[in-house]
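A, B, C and D label the chains in the order they appear, each numbered from 1.
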Amino acid sequence: MARVVVDVVLKPEILDPQGQAIVGALDRLGIAGVSDVRQGKHFELEVEDSVDDDALTELADTLLANPVIENFTIHR
Amino acid sequence: MARVVVDVVLKPEILDPQGQAIVGALDRLGIAGVSDVRQGKHFELEVEDSVDDDALTELADTLLANPVIENFTIHR
Amino acid sequence: MPVRVGVVSFPGSLDDRDAMRAVRLAGGDAVPLWHADAALNDVAAVILPGGFSYGDYLRCGAIARFSPVMAAVIDAARDGLPVLGICNGFQVLCEAHLLPGALIRNRLRKFVCKQQRLRVESTASPWTAGYREGEELVIPLKSGEGAYVADERTLDDLEATGRVVVRYLEENPNGSYRNIAGIRNEAGNVLGLMPHPEHAVEALTGPGTDGLRFFLSLTGADAAGLQR
Amino acid sequence: MTANEEIVPNETMVAKQAMGAQQLALDTVEVAERTPDQPQPAAELGLREDEYRRLHEILARRPTSCELAIYSVMWSEHCSYKSSKIHLRQFAEKAPKTDALLVGMGENAGVVDVGDGWAVTFKIESHNHPSYVEPYQGAATGVGGIVRDILTMGARPIAVLDSLRFGPLDAPDTARVLPGVVAGVGGYGNCLGLPNIGGEVSFDECYAGNPLVNALCVGVLRTDAIKLAKGDGPGNLIVLFGARTGGDGIGGASVLASASFEDAKPSKRPAVQVGDPFAEKVLIECCLEIFAADLVVGIQDLGAAGLSCATTELAAAGAGGMDVDLDLVPLRDPTLAPEEILMSESQERMMAVVTPEHLDAFLALCGKWEVTATVIGTVTDTDRLRMRWHGELIVDLPPRTAAQEAPVYRRPVKRPMDQDIWLEHDGHRLPRPRDGADLQRTLLRMVGSPNLADKSWITDQYDRFVLGNTVLAQPEDAGMIRLDEATNRGIAISVDCNSRYTRLDPYAGAQLALAEAYRNVATTGARPLAVSDCLNFGSPEDPGVMWQFAEAVRGLADGCLALGTPVTGGNVSFYNQTGTTPILPTPVVGVLGVIDDVTRRTRTGFGTEGAVIYLLGQTRDEFGGSEWARVVHGFLGGHPPVVDFDRERLLADVLIDSSRDGLIASAHDLAEGGLAQALVESCLLGSAGARVVLPEGQDPFVALFSESAGRALVSVPRTAEERFTNLCSARGLPHARIGVVDVLEIDLDVQGQFAVSLRVLRRAWRGALRARFS
């Protein structure tokens, strides 16, 4: 059993309304020094050691991320 | 300028419909070896070096996460 | 002299006009309040309406709670000003810590719009005085993040102190802990509701008029006198 | 208009061409004059040989790459209607005389006078291809686009409807497309605070690789407040406001960019646009305050062809000239080349023409709503659209030639050989149910079939209460909105189409779609006033498809004339095909009606104890294209039901008058599934049983399942029965007394045939979609 983390983020060229909303809030809160925010998804999986990287990639690509607009990274 | 990552996850005692849905999908797809999934949020911030850890913690604690139901970790 | 009830509009508020209509139908004087000015224009109560303030992209209500008007509402609420948060307004109240717990994604991960059966559990609040305990209501529920969650201690405390105000009947529509649809604070002046009473004030456009008494309770007017 | 739906040019072609293109820093007008023979990727951008040559005539030189970008999108099928124009003309030529029409076709949307100084604008548009690529965002931005069209007319959007078509319910890909599309329609519409009050969902093999997502928006304004897309008054300022411009949906433009912008590979440019409903919501409120303060001369939304379209159309419709400085356009992606900025389909953007003295007030309102607004140019009387980049002139063209004088084609039209075979092979030999038990089995099977089953799994994801004026919404026959709380004046809308009818006979099929939408509106008590249509077809280059298109348009135009309801606007979506197989022709028709007193509306469900059930209209043995033939025999063939517009008008008059005079307790139109389906829905929606006696001397199967048009099912309170039947007799409308409503009864009891409990019916009707998706 191991904890595997998969982070999913919008491709850089894709609009990120969520990140934009946060940037707007930072200004209104007068919080300086943060120039940009992108919001993505963070998955924590309990995975048996038998599951290999290909299987994980497959899983991330089909279930966790939407390849049309998102990229993902796997941390094992 | 530095990239700072903040990951926000639901506290263990709070139910996570999204994570559960993925577990369900795994079964249906016959993907074995993944016993649990929790879904959280992943933020990527462009931060000026002048912003210190306390300021970041403050930001995560008040805006990015809701301490009532979520925990966060900051990766600088 | 009709009671002045403020209705806050945040960017992305949607049911603000409806809340104002409900106040008018209940004989009150609806006063629009803008998120950017801290002035409450000496209203006798405030409604935080439904909608998607700031898109609700981060967390529902998470950004709205920082707006200037909320600073004023939070202070006034601590001094006993009656405050009703509906749907997004309920989420704002939780984010602002005027009410405990939080609202998260529906269990089925879908937006749900339906006529919801509810039971009134407690009437000890200026917004619910007009109802009877145990009374059943039908009021529209329309939300994607309406599941009320809190830790066991908080939930037990809410139950023990009679602060669960309305509960879902029949099938739990969103996975709310203990079927909670609405709660109030200790003092009773602050009420958060997931369902939308302002959409049950006219038989023509809603499932009925079961929601009107939330507003009548506050204005003190009597329904009979007002039916149009 | 919503985002360009046409398939972007083949990317390897694009890439190859990009390599081939001369590496020039910036293709200015001056450079274009110096290098007449430089190869340009006109073909890759979808321009025909002769079209490209025409550009040289217009400009008296080769186009710059930016001009090429502008013309290629403005002359695309999607923007120019070059294949459909000659047919769509009929909508104007055959338009019935009516003084209700304040703004006709050609504007962003038509405007109809509904009385008391109120005007209503509505339009339906498609977002099919994007919804297949990325269901959620495709559908969401489809809603966003049509809402901006309505806003552009100066109206407050007040409701949306959606017409959806998918592959078979059990097809694997439907599980990807349908939930995403539904969540997208809901996610965007709910976040804008627009009630969703109706639509359709249907399933057919032909949509498996090409779903249809058509969205309708309706808005209201005072008759004296109409805004037109017009860039008038030299010296006036061009203001771009709303979202920043990114690389969204520019597809083929990158081929141009790559000539001047090294590492721009098409793959780096997203074809998918992501919607930001919150940005649109504040944009709406901001625009409405700007309109109220009367701060704009003209306004235009940015949809397909973004800036190219907005600038050329505003200029062409106004003083004729415009100077724009592209460097001033606020960018989300600073690496964008001018060609890409011109073609970007980034959402939630608007362009306004503002007089200098109003600019400060305009910007102040944008500031209040935190909407980015930037002056990017001025109106001129030069009759030229000029654009600069880093000070260099990169565009200098006569705007009319891009916006109004696109080439027009008379595409070859040929009735397919096999058309007659479809008609003759009419399935009259298909085995029919023989006895009551057989009929009951058939009924349950039909009620639980995808197209007839309850759609609430979908529609419960849509907010129908917001704004507090929704009088009727799904599953009623039409949606109804109260416009005025003081007078109770309101409107009703329905959208309909049965593409199986249209496949068999495009002319009749389009008319049947119109007839059904018209009937649905009248059923609620509203008087039908006007039409908007969304014509979804295959490739216009296929003569068979073009024949279907021509026939459908002719049928719709003739029908609108016969019913006195003009077409006020709409949208054409071609190239809906999988490989070379086109979808069934799908002309979706939306009908808008007005009702003076919404408290008089008629509902679908039975409710009044003891009310007498009447079947209005005539039932013939009509099963061509029927739901029964599909569900039970998987068969499509024969002639669709006959359309009789005099009968439809008569039926509508009776329904409207009886609802006004309180003669009927409920009304439901008969459509797919016939009387049986209507009875089931009226029972289930009213939670009331019914005892039914089928008309003497008619085959029970035909009585229950025929899909003859011009019919409705009503229930009449006993106290009103005599007045109602007198009304029908006096008007000459066939009316058969077929039963009574029994609120306490738990069955639908078709006497002498079968009795089935509401519980069983409800399980079959509601179960189908839930079983598939939950």
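Quick note on the criterion: contacts are C-beta pairs under 8 Å (C-beta built on N, C-alpha and C of every residue); 3 or more make two chains touch, one makes a residue touch a chain.
Everything quoted here is computed from the prediction, not taken from an experiment.
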| item | value |
| --- | --- |
| Of A-D and C-D, pair with higher C-beta contact tally | C-D |
| Subunit A-subunit D separation of Cα centroids, rounded to whole Å | 35 |
| Euclidean distance of C-alpha centroids - subunit A vs subunit B, Å | 9 |
| Distance between the centres, which are taken as Cα means, of subunit D and subunit B, whole angstrom | 40 |
| Touching two or more other chains - residue numbers and ranges from subunit A | 17, 21-22, 24-25, 29, 39 |
| Contacts with 2+ other chains: residues of subunit D | 276, 278-279, 370 |
| Multi-partner residues of subunit C (each touching 2 or more other chains) | 54-55, 57-58, 63, 66, 108 |
| Chain-level touch network, classified as line, ring, star, complete or other | other |
| Touching residues on subunit D, where the partner in the complex is subunit C | 183, 186-187, 190-193, 276-279, 281-282, 368-370, 460-471, 482, 485, 598-599, 774 |
| Interfacial residue positions of subunit D with respect to subunit A in the complex | 133-134, 137, 243, 246-248, 268-270, 272-276, 278-279, 332-333, 346-347, 370 |
| Residues of subunit B defined as touching subunit A within the complex | 1, 7-9, 19, 22, 25-26, 29, 31-48, 50-51, 55, 59, 63-64 |
| Complex contact set, residues of subunit A against subunit C | 17-18, 21-22, 24-25, 28-29, 39 |
| Interfacial residue positions of subunit B with respect to subunit C in the complex | 10, 13-15, 17-18, 21, 63-64, 66, 68-69 |
